[in-house]
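Quick one: structure below, then a few questions.
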């Protein structure tokens, strides 16, 4: 991490050294932005960088977009992309696709590039594999103008996240989301303590465990299911609450097998920068949930 | 079907001809019961038949229990069992197990028979494959006396169901259960009409579709998910409500993807002779369920 | 009650004798309708009668409207109105207003009559005193044309109810509403049996008990809180559930005083011809309600 | 406020000057406790003071109990009690009872004193007038020994609160409770912002407004309905939520009058030192509440 103060005081060389990779190999973006120092906030720094690109003319932009690797393409497999892209695609498992997955992405990349003249860009850190496939399909139906705008909007999101990870200072951009839960034992009017909770993301290949924990005395999973900070990946999730085991020890009347044992809540996350609070209100015979706050 | 009146007026020969197969090949049970005619109710007829067995002495009972085929055994595969057993085991798919499933049941049958001296008996029509495996395991830990009582209790349930299917008359035994649902749109204060609902049973091999339907103007699936009549098989189920599609047309604010799309309710059925009513109260952002009545 | 068949076969004299009072002293309405026999349904009979009035011209209508007594006026106090009006106003207590209430209605009647040239007409059987006062205020702001239409719409409702009470036959008009409840004990997954339930209507003078009962084994108040048949009077209501007493005997953990004792549900009824089902889902520590079906 | 450090360093004279009034005129309690300095926590200080009383012998205790004024008695009316008692009884309105209320308390005081030989003692700051009357009745049925113990337990609570208000230092006794709420708009999946909320206490003389506020952007009433700090008075309360006005502006389908307008939640508070969180989950057609955490 570098401080905003340091960047504001940096030479052009140093400035470009630090920020040159934010816009994927296009160090000219940082070079041009250097003249606008000092930046009052980190958000303003990012906006100025982005404005350089957005005012650069269509040819320059197309060239810039073409400087990006294919999503889940050969560069990802061979890890020959820029450092940022490598880490981002790896975190989602895009470098470990099996042959069928690789072929699927390859075919979509090819068709997209043919149609629009640049590779498919998306802010990978805001997405699950399932939502990326959905966006691929949805955006492939766009007009050329709409899709150029969509690609640039993704560049905005990608670079905002990179800046937030690189620069420390006042006015940080709001890039984080999170997911938390809370178990209430509505039969006894108390927090549901000691309940195992698991979070799965529902990917095309099946459910993958994201996190697991046990509720504390206040009925909450310490740290949340997805801690705030990173974007909350857009997609489908399932939270599983092991309330059968919890109520088995409660002295409350239950059946065998219990009416409610493992309660799955299947939810869709649409806002990567929001905090979702999804409580479970439960007795052995009823449960309720809602998007809370 | 034969009427209770006819049986009350029947010759011993005719009586045994009709009822002889109810207690699996043990026509002596029907023969002895004949003398107790007339029976005021079908329930009383069954009780008298059962009492003959239950007062017959331990040796006779052991012999009777040994007259039963192994559950999911070679006789089931080759369909060489009595007509009743064949149909009952087939309805649950016990005649179509793959090699692994067949081996699993064979090993359990062998161990059980070695331990208790008679084959494992269970009222198949009240169970799913999952709950049968669970009972196999649970009952294998019984003492000899407790397990003999458990086996006879199953004979009671098996024959009660057979009698209920054979004889028509006053005082029918209560053998039926059922499962129904009801969708309420709590954002608009009206029944949730046109919602697709699917019922799955969760078997060891995976989820199997039991029934599916669409809610009517009153928010109910016509006929219920499992109509009353037959026992409601003990086990785990999942009801899936396609409320995302329902609310997509509602004009209510939703997200993309929707917070709630396909809502799975996972429930355990413990009482085969009960009616379970499991409503869904839902808006695009909350849902609740409970065991209703 | 008279049958539709009888009316279809009746002489003009007999027809007018039976139906002449339906349109408050305006026997000419029945006289003109007689020629349209036979009527296939009771609903059709009412429609034809109403059409006579609605096509009678403005002067005739004004004269007809003026044939009605003031609501809660001197005629109500002295019971000198037509038989129908007397019963309808008495059922709501409009003949028993205290001096202040009488003065309030008198002043509103006077102002209304001055403004529109005929007395304020409303289908009393569809209303509470509170909702009549609300309608008085709301409709007093109408234009002359809108208010004439509103008055005739009330005549339609008044006479539809009278016809439904006088004539029996196919195609009865749907004039009835009702209110029912259902108590679910969500801590134990069973109907809440033996719970006292009271229904109050919230009138300007305070809460008045409408009905009370105790839930049966299925958690329902036998007959409902307001049985279907009559219109469900538009207005505000409070249902009180004595669940503290119910859970005191349950063995479930409760506090002293109980967190929930008498649970009041305050609801507004807007559709007089609808059935409202308002369940209570409760444990000692939570409750929920909704407009059900 | 005085610090625990100061008290630990104080002379006997100064110590008694500060704490002498905590045990109502019985400065000998403080005098004897002085020798036990230093006290590691404020809780320990209070315990030592209380132990002096509790080991003082029955005669001394009776004398001590008799040093207290009658609850809501002549001393309260004329404000001739100790400073602490005056403030505590005034806060609950016990000094402003009307003639009937005064007579009611007088009669109960007289009967109690006759039966037990000392005046009725209760920690007024933990109670509503309704719960005091209930305790009066309940405790009047106690045996002499049980009631002496009950009276001393109240002295413990009274003096713990006084100490917590007088002395500042580590290990403060936990004397505070509170009441908060949270409005969720479950039709739109967002906090219910801008909802008026009122809290009433239900006293024998009727409902009295305790606090009122409007929910903020997160659906909470800033500061809570009863801020933590003081005990939450034991008794019955009603929270009123003006959700009809909130949903009138929502664009969601509502009726006229609205099905839900002012929603009253009636709850009993039993634990004066607990925080009660009582959310409202509501759409225009449903609501739910529960004791949360």
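By written order: A, B, C and D. Residues from 1 in each chain.
Throughout what follows, contacts are C-beta pairs under 8 Å (C-beta built on N, C-alpha and C of every residue); 3 or more make two chains touch, one makes a residue touch a chain.
From a predicted model like this one, the values you see are computed outputs, not experimental measurements.
Asker: Which contact partners do subunit C and subunit D have in common?
Answerer: Both-contact set = A, B.
Asker: Could you let me know which interface, B-C or A-B, is made of more C-beta pairs in contact?
Answerer: More contacting C-beta pairs are found at A-B.
Asker: Of all chains present, which has the mean Cα position farthest from that of subunit C?
Answerer: For subunit C, the chain whose C-alpha mean is farthest off is A.
Asker: Centroid of subunit A to centroid of subunit C, CA atoms only: how many Å?
Answerer: Distance between chain centres, rounded to whole Å: 57 Å.
Asker: Using the average of all C-alpha atoms in each chain as its centre, how far is it in Å between subunit B and subunit C?
Answerer: 48
Asker: So which bits of subunit C are touching at least two other chains?
Answerer: Expected reply: 186, 189-190, 255, 259, 281, 285-286, 288, 290-291.
Asker: Which stretch or stretches of subunit C touch subunit D in the complex?
Answerer: 131, 134, 234-236, 244, 255-264, 266-271, 281, 285-291
Asker: Which bits of subunit A are touching subunit C when the two form their complex?
Answerer: 186-190, 252-253, 255, 259, 281, 283-286, 288
Asker: If we count contacts the way the header does, which residues on subunit A are in touch with subunit D in the complex?
Answerer: 182, 184, 186, 189-191, 218-219, 281, 288, 290-293
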